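Both complexes shown next keep chain A, but they swap its partner, so chain B is in the first and chain C is in the second.
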Partner chain A sequence: MDFLRPASWEEALAAKAEHPTAVPIAGGTDVMVEINFDHRRPDVMLDLNRIGELQEWEVTEETVRLGASVPYTRIMEHLRTELPGLALAAHTVGSPQIRNRGSVGGNLGAASPAGDSHPALLAAGAEVEAVSVRGTRLIPVEEFYTGVKRNSLAADELIRAVHIKKADGPQQFSKVGTRNAMVIAVCAFGLALHPETRTVKTGIGSAAPTPLRARVAEDFLTAALEEGGFWENGKIIPPAVARQFAELVSGAANPIDDVRGTASYRRHALGVMARRTLGWTWDEYRGNERTQSCA
Partner chain B sequence: MGVTRNPTNITQGSKTKGGLGESTLRPDGTLKVTGEFAYSSDMWHEDMLWGFTLRSPHAHAKILSIDTGEALATSGVYAVMTHDDLPAFTKYGLEYKDTPVLADGVVRYHGEPIAIIAADHPETARRAAAKIKVEFELLPLVIDEETALADGAPILHPNRDDHHADHVTHPNIVHRQPIIRGDANEAAKRADIVISGEYEVGMQDQAFLGPESGLAVPAEDGGVDLYIATQWLHSDLGQLSPVLGLPEDKIRMTLSGVGGAFGGREDLSMQAHACLLALRTGKPVKIVYNRFESFFGHVHRHPAKLWYEHGVTSEGKITHMKCRIVLDGGAYASASPAVVGNASSLAVGPYVIDDVEIEAVALYTNNPPCGAMRGFGAVQACFAYEAQMDKLAAALGMDAVEFRQLNAMSQGTIMPTGQKVDSPAPVAELLRRVKALPMPPEQQWLAGDAEGRSIDIRDLPGALSNTTHGEGVVRGVGYAVGIKNVGFSEGFDDYSTARVRLEVINGEPVAMVHTAMAEVGQGGVTVHAQIARTELGVTQVTIHPADTQVGSAGSTSASRQTYVTGGAVKNSCEAVREKVLELGRAKFGTYHPAWATAELLLEGGKVVTDGGEVLADLVDVIEGETIDLELEWRHRPTQAFDLVTGQGDGHVQYSFCAHRAVVEVDTELGLVKVIELAAAQDVGKALNPLSVVGQIQGGTTQGLGLAVMEEIIVDKNAKVRNPSFTDYLIPTILDTPTIPVDVLELADEHAPYGLRGIGEAPTLSSTPAVVAAIRAATGLALKRVPVRPEHLTGT
Partner chain C sequence: MRVTFNVNGRPQEADDVWEGESLLYVLRERMGLPGSKNACEQGECGSCTVRLDGVPVCACLVAAAQVQDRDVVTVEGLADYAKDRAAGRCGTGACGTPLGEAQKWAAKPADGQTGESTEAGDLSPIQEAFIDAGAVQCGFCTPGLLVAADELLERNPSPSDQDIREALSGNLCRCTGYEKILDAVRLAAARGASVTAGEGV
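And then the complex of A and B:
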């Protein structure tokens, strides 16, 4: 196995162009597990840890440009206001040790349907900055996931950063696992209210071959909020609307039975999470929320 | 978390610092917490090779051919061995030798070892293993009682010659134990209510954190030195000797750092393989399983199906009990016969029921082999009988604790085996104690904020996964109590050996304690030092590494080591003390009449009378002498159970623990947070109160794991689906509740210091208490553990 250690981003791109099968590694929380369990034997590895810029982030007017290797711990500590959904998701990643090493770039590179950050990225709205020696492109996150553990990166591309829309309204993230910490999602759900555009966006994790948005549910809720004048009057969302939203979220999933849970439980749990997170975000929008403390 | 002590008729407070009753700290504690403890997997030897095991991908198949040529030709590979290369006897086993060292033309479970490789690097060994070509012919599977006993079922062990072969009703039954007492059918006529139920316990794993590992070093005399993490050195030795074709004195075993055991290290894992490769190559061979392989490398807790029927009068007295317990023993016998003995003889629970019909069997199947795990057959029974107790109480409209207390056994109760319980059995009192504890506050996730506007989601089901802020959350409270035997039962010669040496070093009396007891984390070495200090009145005690240069200590299991090896250390110390006093009488006897007339003790480095008068300095008495004694010690003998009636004084001692569980259940998502799991246990005498509390909390947590998450999932093809800590979940600290422990000390006059073995009892009642609390919160019947979200949501 060749272990390449580029000192700069340019060197990394050149190395990836020269070795298209090279597996990038930063925190190693996913790649090393696969290697240790003998699930993969890369011929070439590309160590990105010498590239400091990947550990940095930049907050602009509209977005946060999050370096691919920024560990979850930093997101929890520094980006709670700008990226509340992602910060909540970061809280549920593995153990403190894993959160000190793991990053959103790694989650995207692995493209596991169970990756914790995906539902939050989908709900917030995000673009993946994919770069190669040929140039840079921004891939909308919903187009990034192409199959189980597959993404739309070309063989010579690396993830440099993720551009995530700053929250313009309340966001929530919920994840079901069969223990109270350090657990892979049985299923997960992210919800973001976007008062500026009077829309809502969702993200479903671990309940289909790829992370996905529940678009029919989003459209239904967006229309229901608009028709009822809820954005202006701030009234409580009628239970029937919340129920319908929850059913549509359940229906958007395409889960399987596996050792972590049954398909029917996943559908059921997504509905419960959709209803609850809608309640929490809407309460917050109405200025009536309870604060959460968990640190 | 206070330790409550009751007055007891045994006073063993030591005047010597660090003696019995003190919470002296474990020597390995800080090292383990800081990551500096050397485990068996950390060993290293110059020029050592790495061993690797090729395992079966199928659960039942004939091996048509094995081609090792390409693997052997791999650069860096020193040896490849299959069944045909074994030098001597080819099988091993705890109770019967039915387990092939390497598959003998057939594989009977997923993961069975087929070939072993030694290479200069673990990766080389792994790659070579992948080059071994094995041709299989798949055979029909035995996966449960129906397929085991069906007409024309494959007979997994066709030529059995074990001592149970003649009395079992089918060759796929390892052992069957009925226990009949009184007349259950006649007694049933007195019942006003009869309740029956069917229960199921999933396959739990010991999930010790230190994987199987060891280092075998070939010796110049043709023997081998094995450094190994195990639970019983001499049992391993007895099984290795015929397999290696070496006399026992040519196999020198030393215990290396053990990272937990819980029963999973009673059977051999890599011991024979490492020794065989070392003897074959003439080089040291180290084998370390990774976590994936570890799930295939040791036996698990028997999954069980249990059918129970109880009758009760309208006044709440239990009239009778009938039960049938079917344990899945998997492909090889391991400890299945003894597990059957425990499950049947403890199936009644800690209750007075005079008329019983009990049957327990263990099956041979193609599922993973199952054997010893903390609680050992009593765990499965306790889950079922405690569920029955709650159902009976509910049917009567009685309080579940009062109903149990009304039927609780006590000292003098006759067990279904006919054995009289001849030491304290404070079952009702333990229940009273856990019930009397204050309840944790309601909705404690709001407790941090007077206005209730701040939520600590760590106190809610799902915790940081942020699944509820209180929605759907219902509290439930449940109780359970259990009974476990202590020590090896059914007539087994359950002895231990202790060597104790006393001498003067640098002007100070120093004792050395040498046993073969496997310290697996239970704290035995701490207790041995405390015993030696108390008995010999010395401060300095050295614990010799455990090895086979001293006689057997028996297994570190069955809650027995403090009792049995502790008893052996006490016994040897007493013999050493007699020698000291003989020396003293010879040297100083003429100076004081008390040498001849008084009861003399060793305390604080001096010989004293029982009145406290100092007669001599210990140093002056033993200066120039070394007292060094090795003695065996035995507890009271037990009897085998009659194979038809189950009658017999089969157990040494019984141990009791009660739990109260308080849970919060997210009833919509089916997620559970155990808020508090209070325990009360009679320990006879707490030799080290801190270790006692630690054992009770640990056992409680392991029982919680079985209640809500821990299960090896085996599919219809008898293949293990979740061999990793990603998918075999054990409790994290966020799953572990507050565990208040109330320790009762009612001495057992038959046991050393009045102590009672404690390690397993808390694992029994924890599981049913948690499930009872979940039932209380949800109103669901919940007949199976672990309880999954699907069971709670009907999905």
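And then the complex of A and C:
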């Protein structure tokens, strides 16, 4: 096994071009488990810890460019305002020790359907910055996941950053597991209200071969909110609308039975999470509107 | 490959390290520091918790080759680490724990009968508190909990119960002695506060 320790991003790209099978390692929270258990013996490992810019982020007018190896702990501490959904999701990852090392870049690279950041990225709207010596491309996160633990990176590409839309409204994240820490999601759900465009976006985790958006549910809720004038009047969403939204979210999933839960439980739980997160985000939206109109 | 890094404030070298080897393996098997425990090897249990550049991490999930030129503190160096921190030392080189001493480290709590400290500085405040609160049962999870709890109190000298639970949520105790462990952290925090109060800060 070769262990490459590039000191700069350019060196890392050159190394990945030269060794397309090289396995990138940053926090190691996925890769080292596989190596410890002899599930994987890469010929080449590519350490990204020495590349400082991967641990940095940049807040611009509309987006946050989040370096691929920014640990979850930093996201929780520093990006709660800009990326509330992702900060909530980050807080449910593993334990403090894991959050100190794990990162969104790693979650994307591993592309596990159970990765906690995926629903939040899908709901907020995000693009993955994939870079190789050939150049840079921005991949919409919806198109990034291609299968169970598969993504659309080419063999010579590395994830440099994720461009995530800054929140323009309330966001929520919900996850089902057997305890509050150290849990792989049985299933997870992210919801973001986008008052600027009068739309809602969702993300489903751990209930299909890839993370995915519940598009029919999004379209239904977006139309229902528009027709009822809810964005302006800030009224409580009728239970029938919330129920229908929950059913559509449930129906968008394509879960399996496995050790963590059954398919039917996952569908049921997704409906519950969809209804609850809608309630939480809508209450926050109404609260904000009220504060603004009273101010 | 050779890996050079600081262990408990002293530069150390490990030779013939396999490229896929974990930091935990290097600490235990190559440096003779078995304080960090090897249990789950997948970051679930926290018994191998060490500080990497000050940050608590699972040593089993850090590739040894990644720690080149970086700083690692293990439970064996915790007493000196806490002493140096309290004295505001370090950076001058006169701190940390030599490897030989770390390898022989053993708890020497104050003599219960006479109340006299056998040797000052053998235990960090968090270690004293774990003993006094009866927070050690089989002891396997204790080193990881000590490192995690010490870092919590360094960051947050008067944590709420919620803060303590959260900071220790990555450390499993299969004797399930969690209540005493929480007591120990509260005790260490209270003692820390009284020390600070005594200094008139």
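As a convention for this text, the second predicted complex is superposed on the first by the 287 of 295 C-alpha atoms of A that agree within 3 Å, B and C clash if a C-alpha of one lies under 4 Å from a C-alpha of the other, contacts with A are read in each partner's own complex, and residues count from 1 in each chain.
We take it that contacts are C-beta pairs under 8 Å (C-beta built on N, C-alpha and C of every residue); 3 or more make two chains touch, one makes a residue touch a chain.
Everything numeric here is computed off the predicted structure, so don't read it as measured data.
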Applying the touch criterion given at the start, work out whether A:228 contacts chain B, chain C, both or neither, answering first, second, both or neither. neither
With both complexes overlaid on chain A, does A:251 touch chain B (first), chain C (second), both or neither? neither
So, does A:101 touch the first partner chain B, the second partner chain C, both, or neither? second
Once the shared chain is lined up, is A:25 touching chain B (first), chain C (second), both, or neither of them? second
In the superposed arrangement, does A:36 touch chain B (first), chain C (second), both or neither? both
Check the residue A:209 against both partner chains and state whether it touches chain B (first), chain C (second), both, or neither. neither
With both complexes overlaid on chain A, does A:45 touch chain B (first), chain C (second), both or neither? second
Just checking: does A:5 make contact with chain B only, chain C only, both, or neither of them? Give me first, second, both or neither. second
Winner by number of chain A residues touched, once chain B and chain C are compared: B
Quick check on the output: what are the common chain A residues between the chain B footprint and the chain C footprint? 36-37, 180-182
Where on chain C is chain A touching in the complex? 1, 18-20, 22, 41-44, 46, 49, 55-58, 60-63, 65-66, 68, 148, 166-167, 169-172
Touch list for chain A against partner chain B, complex: 36-38, 88, 91-92, 172-184, 186, 259-262, 264-265, 267-269, 272-273, 276, 279-280, 290-294
Per the contact definition, I'd like the list of chain B residues that touch chain A in the complex. 126, 290, 292, 448, 452-458, 461-469, 471-472, 668-671, 673, 708-709, 713, 721-722, 724, 726-727, 729, 731-735, 788-790, 793, 795
Which residues, counting only chain A, touch chain C once they are in their complex? 1-3, 5, 25, 27-29, 32-33, 35-37, 41-42, 45, 47, 49, 94-98, 100-101, 180-182
